[in-house]
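Worksheet for the structure shown next.
Chains here go by letter, A, B, C, D and E, matching the order in which they are written, and residues are numbered from 1 within each.
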Amino acid sequence: MTLLDGLLALLLLLLAGRCVTAASLLQAIVAFIVLGLLLALSWVRLEAPDLALAEAAIGAGLLGVLLLGTWRRLPAGSGEQETPWPWQGSAQAIAALGCVALAVVLALALHETTLGPAAAGTAALAQLEAAGVDQPVTAVLLNFRAYDTLLEMGVLLMTLIGTLMLRRPLQDGALAAPATPLPQSLARLFLPPILLSGLYLVWAGAYSPGGAFQGGAVLAGAGVMLALTGLLRGSTRDDLPLRCLLVLGAALFTLSGVLLIPLTGHFMAYPDDLVTPLMVLIEFSLAISIALSLMMLFTGTPGLCRTRP
Amino acid sequence: MSTAYQAMPLWVLLSSLLAAAIIFALGEGHPRLRIGINLAAALLKLVLVGVMLLGVRAGHEFIVRLPLVPGIELILHADALSMLFISLSAILWLATTIYAIAYLEDSPNRARFFGFFSLCVAATMGIATAGNLFTFFVFYEMLTLATWPLVVHRGTSKAMQAGRSYLCYTLGGSAVLLLGIVLLHSLAGPQEFVAGGTLADYAGSNPQALAVIFALLITGMGVKAALAPVHGWLPTAMVAPAPVSALLHAVAVVKAGAFGIVRVVYDVFGIELTQSLGFAEMLAVVASITIIYGSLRAIWQTDLKRRLAYSTVSQVSYIVLGVALANPLASIGGLVHLVHQGLMKITLFFCAGCYAETHGIHAIDELDGIGRRMPWTTAMFTLGALGMIGLPPLAGFVSKWYLGLGAVAGGQLWVVGVLLLSTLLNAIYFLPILHRAWFKPPPEADDGLAEAPMGLLGPTLFAGLAALAVGLFAGFDWSPLAWVELLVEREYSP
Amino acid sequence: MTEALPVLLVFVPFLAGLGQFVLGRAAPWCQQFVSGLNLILVLLLSSAVVHGDPVIADLGGWGEPLAIHLQADGLAALMLLLTAVLAVAVSLYAIPAFRDEPRPAWRFWTLWPLLLASLNALFLSRDLFNLYVTLELVTLGAIPLVLLAGPNKTVDAALRYLLFALLGSLVYLAGVALIYAQAGTLDLALLPAALPEGTLSGPLAAALIITGVLIKGAILPFHIWLPAAHGNAPAAVSAILSALVVKAAIYLLLRLWTGPLEPLVSNDAGQLLGALGATAILFGSWQAFRQSRLKLVVAYSTVAQLGYMLLFFPMAVTAAWQGAVYHGLAHGIAKAALFLAAGNILYYLGQDRLEALRGIDRPLAVSLLAFGLAGVSIMGLPPSGGFTAKWLLLSASLQTGQWWWTTVLIAGGLLAAGYIFRVLRLAFLQADDATAPHHGPVPGPLMAWTATALALLALALGLISAPLLDLLGEMPGGTS
Amino acid sequence: MSLTSVIASLLIAIGTGFYLAGTVGLLRFPDIHSRLHALTKADNTGLGFLAIGVALLSGSLRLAVLIALVWLLALVAASVACHVIARYALDKRNTDPGPPA
Amino acid sequence: MTGFDPFALAAAGLIAFGLYGFCVCGHPLRRLLAINLVGNGVFLALILIARRLPDGPDPVPHAMVLTGIVIAVSATAFGLALIRRQARPEDGGND
């Protein structure tokens, strides 16, 4: 299968080059989205199916929608570039030389480090029993290195606040629903299976590829679909329940970490008999917050409401 | 001995520092309260200085140490040399404050002025009591910063130019000084001011480094002491209000530089080392050049304050010269000039301020017949001017006499020549003024008696008479001369 | 008990931020409470650190090498202290500054505790990847704060800031990946022993990490995002950004250089960083001198002042270590004071072009005093924290025989005097007419005196350096 | 090589052929409607062949059902997407006779 | 070139292309794309590094990638909102 790997790698490189050098911005964006999908494929090949799921859902899917939506809002013809090639100017040539050199060194370094111990990883696999979940990545995310995940929720919240401050929604009146009723029917048809699979992904994260991020992304995707078909729209009114749901994951995560200190003696440690239910609870609350945050990053409005026909 | 008594230098310092803080905090709102606090602080300081004077005379040395940076302490240390400078500034602060209150009556931004004024004096106190170069530098910079707002106080573009030139010179100078201090520190570790110096051990091993350090330190301080060729800021700073000029010239800035040079030569390098390395000779030459150059330039100035400024350039170098000659008699002459020049020059500037404030006179050729209209002021001006020339038995004569004696004793006869030439030049630039003031007819019509207001005249009279007294009573026990003799005795017989 | 302190330092402000977000309207008093509590916690932590070993919290109790540890040593404690002091001051200042604008106020009071938590988290982190997350947190908390000054005005600056910050953190992450590939752990304490020698990827990883941090820290070739962002943000935010956010990146550099990267970096790399720092000092000061807007002067001054901290790297002795860190503290306090004072001027005048400053010393005497006093520290004149730091760096440069840094230090001080006095002199210049046009009311006492208090603190740092430098301790791994 | 795998490979090859044709059509056809024509027909049929082939290869009924479901959903989604694009293009041509931006 | 993993080349190439794009491109959206290219390269590299563990892929780099993706996407979304604001600054309040 090395041939397939080589082909994939070559395609990745070609698309990256296309993304940088394409004269039209739209082409660059399309190249980037395709690259994201191929990257997801590569990661399946590299024994990282959960990451592939995340990349496909978040990196290529959601990001793709965001990129295209933003592109639509730019003045026509902006972002065209004339001189992306190294031979079109001395600055370009110098940058190219530097980057080629860096690429060579990086490749050599990556090649060099194909063997070696990984104390942290070994320890993670060894202590998997105690983590409350069977899936190693979920264990690392929610238990071994839960602190990172928690702070990451902070990042999500802050970018959301920043985005809302800008008041440039992607989904507003300018983007009218298509004249045909078909997409709406489709969305109604697809909504239950998408929600189901999203929730399933969250649940499955405990023992197989999946987890809060992947599930949350799928749920956010459902929301984006509803928004795009006009079934759901952003509203300028933000209300308390929504804000509560947005911080639910982080708050629950923190509180369980803090409140259980008397039982365990460590911050963000969970007692053995509670660990599995806690993990599942946290995972679901995180998924809800992630899904809502991602969705509102898309709509760019502080609130959401249903569109009544 | 109680610690509170031991910490006297700190209290003296704080008396003006706190006054400054309160004045700033009060703002423009409470002029009477402000004046009261200002005067009270000045009087308090005078009392404190008196107490210290008694203590030091009795052989006590006040010392306060505060750890500042690891390995370096902030040392406030009152020895005989400090007391010379401290007493001068304490007395003249009071005089200048009274003068300034009258001078600036009804002008804007007085709180700012008096705040920085007090800060300036606090810095001077710090410089006087600094127990090591590091402390000296701390207050030296504080002085620079506190003086700048005074120089630019009027806020005119001319004042701003003067302020810029002042900053360029002094900040450049302190950069050089800092370099010298850091080099010295890295060479020899922390050094305190000790009579006779502490660097003798390094003379054999590293004379080049010492030469560089000496040059850096003297250059850095020479900027404030207005040694040629780095004197340029002083004449331009004349745009400042008269009390500021008086303070700048008589007490604070220029004297700080000169005092620093004295400290470096006496207490860091030590006279013997300075002499044996050949620095003393060079310093004497530079000082002599400055003396002659300043006097020459003064002759051609038509603005009264500018002429006085060049006179300062010249006169302050007497101090340096006295120190550089490196023998006891010359040292007495130089050090006593620190006080004498201060009193005389402040008298002259007070008079210049009186002229400017009462009759709007700035140029020398407007002074015709002023003696008839402002007899008291002009009398004091005459006292100061004659003292500067060195007419016996006035203060200037005492200084020059000892300098001359020292030069002869040290076998450096060319210095006598310099002194004589300088005296001649002093006469050339001062006597015409006196002639105009007393003997030329005043401009038509207005020859009525119009003396300066009491708030201005009082301090002027006080300073003038003090200048007279230190000359006349130089032989008395408590005169500056006696004090300096005591001091030099200690310095030369460690 | 002390192990809980680092955790609380992160989570008290974090939860406060979440609570404020849920609340939906501004509640300034809550933040006062949080910043006060934060200060108390930091003081407790500092006293624990100064009396013994670093305070370590093992999150999750999984132990090395897997778990993330929070660790407070002398360096971290000092940075936390700086953060806590500035947090108190800025929180007080922001009450009147944001009073009239309810919606931005709510966002400010939400983002600011989150940013505070992020900064605390960054200073406490002992994990290479966790540092990446906290760096991102800090940046992504800072950029929305910049936008508070009005999105139309700040969007360009914010976008540029975001692009550079993202690039910087990804370059950093690339370095982290290579480090993990070799060492198999991310724990800073374990890394020096775990890194194999003589590999290609070691120095490459070090170079990537350092480059990434330099981008985040706005060091010279990467400084171009800084002036616009810091110059246009609201004053309270500019103070946080200049005093803490960019400082956090340099802190990271100091920490990594003396820790895990120590076996990977060479003396030449140190000289290169020193050269960057020197260039930043000279170039930044010169640019500051040429600006025509007050806040841009102060912002370029940050570009210059950060350079001083880089002078540690070529010298790498304890005096330089203390000097660099102390410079960080002194600059943090002084720069915050400068920005707050500049904010007061802006508040009063409605603009901050330098020529508009003529003759404003009457209405804004206190703010100008703050500006001048803070300027003393920025210029490195005694007695001030800036001077102490400069003195330590000067001693270090002579101690290591690298005299060329001496000239840079002294020239930098003179240039700083140039731009500070350029501002002050305008304030002293007489206005052409007595009633110069102004925009807002005279800033209230809270706004004026927080700036002054910080400026006085910057001066006081020159007098109280001994206990702080004790807390900092010797250079880690250094022999001299 | 068993018969099933031969058949499966054949089906997959046919599916790939459809894909190839569809892609060529996408690249070579002049306007948006004919491109859509090429694309959807080829894609849906190609995907069908592929799905059957893969299901055969997997040899498990559960997987086969899942694959069928995926194919069905993809089919619906692709048809609706095609419809929306076509509709959009039509609307645009009706309202805006100029060349598309 | 024996055993040279094609994906290692791809990762290095993605990072290099991204950096080149960041240097060469002027438009912020393009720069954002370039940054995401760098990010994708780094994530790919991390996944390669995760494969070294003999008993199954190393979960630690995988968790790092997952965290990194979410951070990158949310930051990118914020950047896109900034770009939209920059493109149409005129309307909307100044709150």
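Here is the rule we go by: a residue touches a chain if its C-beta (ideal position, glycine included) is under 8 Å from a C-beta of that chain, and two chains touch if they have at least 3 such contacts.
Just so you know, these numbers come straight off a predicted model, no measurement behind them.
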Chains in simultaneous contact with chain B and chain E: C
Shortest chain-hopping distance from chain C out to chain D: 2
Busiest interface, counted in C-beta pairs: A-E
Chain closest to the assembly centre - both centres taken as Cα means: C
Geometric centre distance via CA averages, chain C-chain A, whole Å: 31
Interchain centroid distance [CA atoms averaged], chain A/chain E, Å: 11
Geometric centre distance via CA averages, chain D-chain A, whole Å: 27
Residue numbers of chain D (touch at least two other chains): none
Contacts with two or more other chains, residues of chain A listed in rising order: 106, 110, 113, 116, 118, 120-122, 124, 144-145, 148, 152, 155, 159, 162, 166-167
Two or more partner chains touched - positions in chain C: 66, 129, 133, 136, 140, 143, 151, 155, 174, 178, 180-181, 186
Interchain pairs in contact, sorted by label: A-C, A-D, A-E, B-C, C-E
Complex contact set, residues of chain A against chain E: 2, 5-6, 8-10, 12-13, 16-17, 19-20, 25, 28-29, 32, 35-36, 39, 42-43, 46-48, 50-51, 54-55, 58-59, 62-63, 66-67, 69-71, 73-75, 78-79, 81, 83-84, 91-92, 95-96, 98-100, 102-104, 106-107, 110-111, 113-116, 118, 120-122, 124-125, 136-137, 139-141, 144-145, 148-149, 152, 155-156, 159-160, 162-163, 166-168, 170, 211, 213, 290, 293-294, 297-298, 300
Interfacial residue positions of chain C with respect to chain A in the complex: 4, 7, 11, 14-15, 17-18, 21-22, 24, 57-62, 65-68, 107, 110-111, 114, 117-118, 121, 129-130, 133-134, 136-137, 140-141, 143-144, 147-148, 151, 155, 174, 178, 180-187, 190, 194, 196, 199-201, 204-205
Residue ranges of chain B touching chain C (in the complex, touch as defined): 24, 27-28, 66-70, 72, 74, 108-109, 112, 137-138, 141-142, 144-145, 148-149, 152-157, 160, 163-164, 167, 171-172, 174-175, 178-179, 182-183, 185-186
Residues on chain A engaged by chain D in the complex (per definition of touch): 76, 178-180, 182-183, 186, 189-190, 193
Chain C - residues contacting chain B, complex: 322, 359, 361-362, 365, 369, 376, 381-383, 387-388, 391-392, 394-395, 398-399, 406, 410, 413-414, 417, 421, 425, 428-430, 462-463, 465-466, 469
